[in-house]
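Alright, structures below, take your time with them.
Here come two complexes built around subunit A, the first alongside subunit B, the second alongside subunit C.
What follows is the complex of A and B.
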C-alpha cells in the first residue's frame, strides 16, 4: 500500500506545468521528414571533426563583424539603459522599456532593414534597442538594492548628479560591470544570429556553408565562435574597451547609404493597415483585421505557446540531468571537466543556430525547435544550478550516488532551479517566436512572410501581438514566482 | 575488543592545532558525554571519532544536515537510504510506501513529531528540526550514535525525552553537551576538554554539576 502525502504548492505547480506540456506535446508535429536524416548527420559529424580554418577568408572577417556589431550595440545599450534606469521611477519609462525588450533582436533587425537597408546601423540598433530595455530594468534593480544608508550622510543642497556619482554609482559600479560582461556575451550570440537575415556576421556564412554542405567550414566557424566566447574574460579588459569600440566602428562598412524618403514612407504609410491607407473604409479594415487575427495571429500564437510550454518543461528535465555533471557533490574533477566543456558549448550555441542545424537534418517540424531550445536553456540553467551546488554543505555521513542526488541534492536545488526556469520562460517564448523565421509555424513565421511580401502593416501588427504575448508571459511568470516565493537572486540571468 | 583507540600527538585543521596529546579508548556499550566550554575542541574530537568509525555510526551534526525541502518522513528515512535499493528510494521520494512509513512513525512518536510526518522541514521550528535530525540518527541502523549538542534547541523536559530515547535505542552513544546536569544524568563516562586537552575522564556516577566547574573556570582569574 502506498501513503500519499499532501502535494506541496511546488509539487502542484510542477504537475500542472508537466500536464500542460504533455497535452501540448500530444498535439505537436514532431515528425522527422527528411528522407535520410542520419546520412546527412554523418556528413556533418565528419565535417565537425575536420574543421577547415582556411576554407575562405570570410571566416576571420565574419568573426570580426560579429564582434563589431556586438561591441557597438552593447555599448550603446549600456548608455541608453543607464539613462532609462535613472528614469525608471516613471511608469511611462517602465512601460516603454517593457515594450522594447519584448521585441526580439531579430524582429528589430527586420524592421531596421526596411529603414536603413544593410547599413551597419541596422545591426547596431537591432542589438542596442532591446538590450537597452533589458539593461534599464536590471540597472534600476541594482540601484534600488544599493545600501540607502550613505544617502542620509549627503550634505543638504548637494545636487542630484553629485549625489548619484558619489553615493549611488560607486556601490552599483561593480554590478554594472559584471552584468555588462554577461550582456556582451549575449550580444555576441545575437550578433552572430543577425547574419541569418543578411547582415555580414557569422550566421550569414554559417547559413551559406551549410546550404552548400561545406561542413568543415561550418565546424571552423563554430569552433572560432566558441573560442572567442570562452576566452572573453581574458581579452575583455577595461583599458582595451576604447580600442575595441574604435576598431569596431572602423571595420564596419558605413558607406552603404539609405534614403530618408524611404524611412518617412515606412513610418507614415507602409505600416498603416492597408485598407485604411487606401481609404477602403472600415468594413474592409474589419475584414483585414478578421483575416489577420484568425488566419495568422491566432494559429501563430497557439503554436508559439505550445512550443514554449513543451520547451520549458523539457528544459526543466534536461537541467536535472545536466547540473550533476558539473557538481562537485556528485562527480570527480576529471568527469566534471567534460561536463563543463559540454555545457559551455551547449550554452554558447544560440538556439537559433542549433535549430537551424537540426532543421537541415530533420526537416521542418516542431522537433528541431524543441530540441534546440531545450539544449541551450537546459545548459544555461544546468550551469547555474551546478555552480550553486558548489556552495552546498552536506553532512559527513550523507549517502552516495543516486541516493545522494535524489535525497540530498535535488530537493535542495529544486526551488532555485524552478526560479531560474520561470525566469527564463519569457526568454524561451521570445526565442520560440523567432524560430518561426526558420519555417516553424510560430508567430515569427507569419512576421517573416509578411516582411517577405512587403506587407509591413501586417508585420507590425504581428510583432505587436508577439510583444504583448511576451509581456503577458512575463507577468504570469512573475506571479507564479511570487506565489511560490521563488527568489531569482541566485544570479541575475 | 575496544570499539576505538585514539592516540594522537596533535589534531587540527590546516596548520592550527585544536587537540593535543590525545589518548582515548572507547568501549562498546559506553555512553560518553564530552563536556567543556565552546571552543575547547568537542566538535573536533567528535569529527575525529566519526572519521575513525567510518559509516558505522549514526550522526547528528551540530548544523543538523537536514534537507529543508523534504518532509520529516523523508529526512528520517534517509537514515537507511544505504540499506534500500535505489529504485525503492526513488519511489519513496514521490510515493512513500506504507511499510516504510510504518517503520518511521514509531521513531517520530518517541520524539513527539508524529503529527509532522509529511510536513516539510523548512516549516518546522528549530526544536522540531533538531528532533528530526535525532530521528534520522535513531532510524540509522548503526549501533553507535554520535551527536553534537543534540538538545541545544529544545527545553529541558524535551531534552530529557530525547536523550532517553537516544540512550535507550543505541548501545553506544557519544555526545557533546554543554548542559552539565544532563551530561551527568545520561552519560556514564564524562570526558572533559579544556583548550584542546583532555583534563577529565571519569565515571559520572555520583558526580554533581559543581564538580565540573573547573572546566568552565576562566583561566585568567
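What follows is the complex of A and C.
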C-alpha cells in the first residue's frame, strides 16, 4: 500500500480555491448566445488591420483630455496619498483609505457626475480619490520597509519634519517614483475608460465606434492608446512634470459650471433612502431595505463572488501558460519578443474594454467577463512572474523543455505567483463589480440601474455594499497570504 | 524636486478651484442636450443642425452637448449645465420632477401617438400579429436603454400586462442594449431573439436599408402613448432675458426647414405641456421605475 503524504498547506489552499471556482463555474451562466458570433468577429478583424486615423473628430483633443485627467488625478492622489501614508499609524486613516480604494473609479465617476456634472472635476476626482487610498497604503508599506539604520544617526533634537525630509524620504523616494510611474500608467487606463460613461476621453469615441460597428475607427483609437502607454517611459521626464501638470490644467474645459445647491441637495437629500426622505415611516423603510437586499444586493453579490472566483482561478491557470513566453529559461530571444508584445497589449487593454468587445461578439453571459478578466490579469501576473524568472539560476545540467518547465521553473515560481494572485484577488473583485455596468448581473448592474433611474439612495447603498465586499476579500486574502507566508514584495510592477 | 512637484500639484489644485470662484463663465451660451437614443453620429448631425438653427433664430451662441446616457442628460439638465433638452417621455417626467418650474414646450406632431415595435429574429419563426405575441415567453429579449420610454417603460408595461410577471421571469435572458440602433443590430445578429424598439428609428433604418429584413422582422405594435418632447428650465429668463422661453418655444414650433425636420424625423413641432405626460408618469410609478 502506498502511503500518500499529507498535502502541503500550499496544495490544500490551491485545491480549495480550484474546487470553489469549479462549483461556481457549474452554476455560472456561460454561453455564446449570438447566432453567428464569428460574423462580427470577422468584421472586427478586418477593422483591426485597416485602422482609420481620420474617422474620429478631435482625436488629439481626446488624447489630451485622457492624459490631462490622468496627470492631475495621479498628482493629486500622490499628494493626498503621501499625507495619508504618514498618518497610517491611525486606525481611522487606515479604514478611511480602505473604504475609498474599495470603490472603483467608475463608481466614483458616477457619483461625481451627479455632483459636478461633466465638469473636469468629475474626472480628476474620480481618479484621485481611489488612487489616494491605494497610494497611501503602498507608500506606508514602503516607509515601513525602509532601512532603519539612517534613523539611528540622527542627532537628538532634530525636528520630525527634518528627520522625515532628510532621512526617511531619500530612502523611500526612488520607490515612490517608480510606483508613481506605474500609477500614472493605471491612471491613463482609468481615464480612457471614464470616457465610456461620458467624460471626453478616448473611451468616449471608443464606445461610440464600437456601438456603431466602426471597427477601423476602433482599431485606430486602440493603437493610439497603446502607443501612448508604450512610449510613456520616454516622454515622462521628471523635469517635465510641472509642464505637464500646468498644461493639463490649462487644456481642460473648466468653464462648465456646477451648482452648489445641487451638491448640497445630493448629499443631504438624494442619498437618503426614499421612505425616510418622504417621511413614509419605518415600515416603508423596512420594505425598501428588504427589496434592496433580497432583489438586488444579494443576487448581485452572489454573481460578483461567483465571477470573481472563476476569474481568479482561471487567471492562475493562464499565468502558468503565459509567463514562459517571456522567460529566458524557456524561450529564445526572438520568440520572447512576440511574447512581450502580446503581454503588453493584453495588460494595457483595460478589462472593461476587453469585456465590452467580447460581449459584442458573443452576447450576454458571464463568459465575456471571465475571459476578459482572465486575459488582462493573467497577462499582468504572467509578466511579473516571467520577469522574476530572469533572476533565477538553474543548474548547468538542468533538464530542458517541458521537463524544465514542470520540474525546475514552475515549482520555484509557484509561491510568488500565488502571492500575486491573492494580491490581485481584491482588484479582480472590484473590476468584476464594475463589469455589471455592461449588463452582466454583478453588483455593478444594479448600481447602474439605480443611476439610470436617478435613484441615488439605492446607488449609494449598493456601492457601500460593494465596498464592504472588497474590504472583506482584502482581509481574507491578507490572512491567506500570511498563513502561507507568501511574500508580496513583488506586487509592484 | 519633491518641493517642486508638490508646488506643481498645489498649482494644479488652485486651478481646480478656479471654476468654483467664478460661476457660469459661459453665461452667454445657450446649451442643450438630447437623450442618446440612437447612433451618436446620427445625433451629432441632427443636433448640430438644430444648434445652428436656434443660434440664428435666437441670435446667440447655442451649443449641443452629447451625453452617454439618459440619466446623464437628466443630470446635466438638473445641474443647469444645459438649459434645454430633447427628452423622451420618461426622462422628461424625471427631469421636470427634479427641476422645479421646468416645462415641456414642444413635441413632434406625431409624438402624442408614439409607438413601440416588438421585433424578432427570423429564426424564431414569429410573424406580425395584431395581438400581443405571447410566444416570445422563454426567449432572449433586449430592451433599449434602461431609462427609455419606448425601449423600456412601455414594452415592459405591456409584457407585464400580458404575462403578469416581471420580464426577468418571462424571458430566458433580458438585456439592455443602450439605444434603439443597437437593439435592431443585436436582434438582427441574433444576439437576442427579440427586442423592443422605437418605431421611428425602426422605420428610418428600414427605409435607409440598414435593416436586413430577411433576418429581423416586426412582430407587434403597441397602442399609442405620448413620448418625446423639448423641455426647458424655468429659470432661463433670468439668465437670457425676459421672454426668452417664449422665443425658444416659438423657434421650435416654427422650425420648417425640411432637411432639419427630416433628420429628426418629424413633420413639424406642436405645443406641449407637462400634463400631456401624466400617463407616462403613472405607468412609471406602477412599474416602480419612479418612487
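Rule of thumb we're sticking to: the second predicted complex is superposed on the first by the 485 of 493 C-alpha atoms of A that agree within 3 Å, B and C clash if a C-alpha of one lies under 4 Å from a C-alpha of the other, contacts with A are read in each partner's own complex, and residues count from 1 in each chain.
The rule is short, and it goes like this: a residue touches a chain if its C-beta (ideal position, glycine included) is under 8 Å from a C-beta of that chain, and two chains touch if they have at least 3 such contacts.
Model, not experiment: these values are computed from the prediction.
> For A:254, decide between first (touching subunit B), second (touching subunit C), both and neither.
In the superposed model, A:254 contacts subunit C only, not subunit B.
> Go through the superposed model and pick first if A:399 touches only subunit B, second if only subunit C, both, or neither.
first
> If we overlay the two complexes on their shared chain A, which of subunit B and subunit C does A:408 touch? Say first, second, both or neither.
first
> Touching A:211, do we find subunit B (first), subunit C (second), both, or neither?
Once the two structures are laid over each other on A, A:211 reaches subunit C alone.
> Can A:76 be said to touch subunit B (first), subunit C (second), both, or neither?
second
> Looking at the overlay, does A:344 come into contact with subunit B only (first), subunit C only (second), both, or neither?
Neither partner.
> In the overlay, work out which of subunit B or subunit C sits against more residues of subunit A.
More residues of subunit A are touched by C.
> Check the residue A:8 against both partner chains and state whether it touches subunit B (first), subunit C (second), both, or neither.
In the superposed model, A:8 contacts subunit B only, not subunit C.
> Could you please specify the touching residues of subunit B with respect to subunit A in the complex?
Touching subunit A from subunit B are residues 47, 50, 55, 57-59, 61, 63-65, 67-71, 73-74, 78, 81-82, 86, 89-90, 93, 95-98, 101, 117-118, 120.
> Taking the touch rule as given, give the residues of subunit C at its contact with subunit A in the complex, in rising order.
1-2, 4-13, 15-16, 18-19, 23-26, 39-41, 65, 67-72, 74-76, 78-81, 94, 98, 121, 123, 140, 145-147, 173, 175-176, 178-179, 181-182, 185-186, 189-192, 289-291
> Enumerate the contact residues on subunit A facing subunit B in the complex.
1-6, 8, 10, 393-403, 406-408, 411-412, 414-415
> Touching residues of subunit A toward subunit C in the complex: what are they?
33-36, 39-40, 72, 75-76, 78-79, 113-114, 116-119, 121, 124, 165, 169, 173, 196-198, 204, 207-208, 211-213, 238, 241-242, 245-246, 248-250, 254-259, 262, 274, 278, 363-365, 439, 448-449, 451-455
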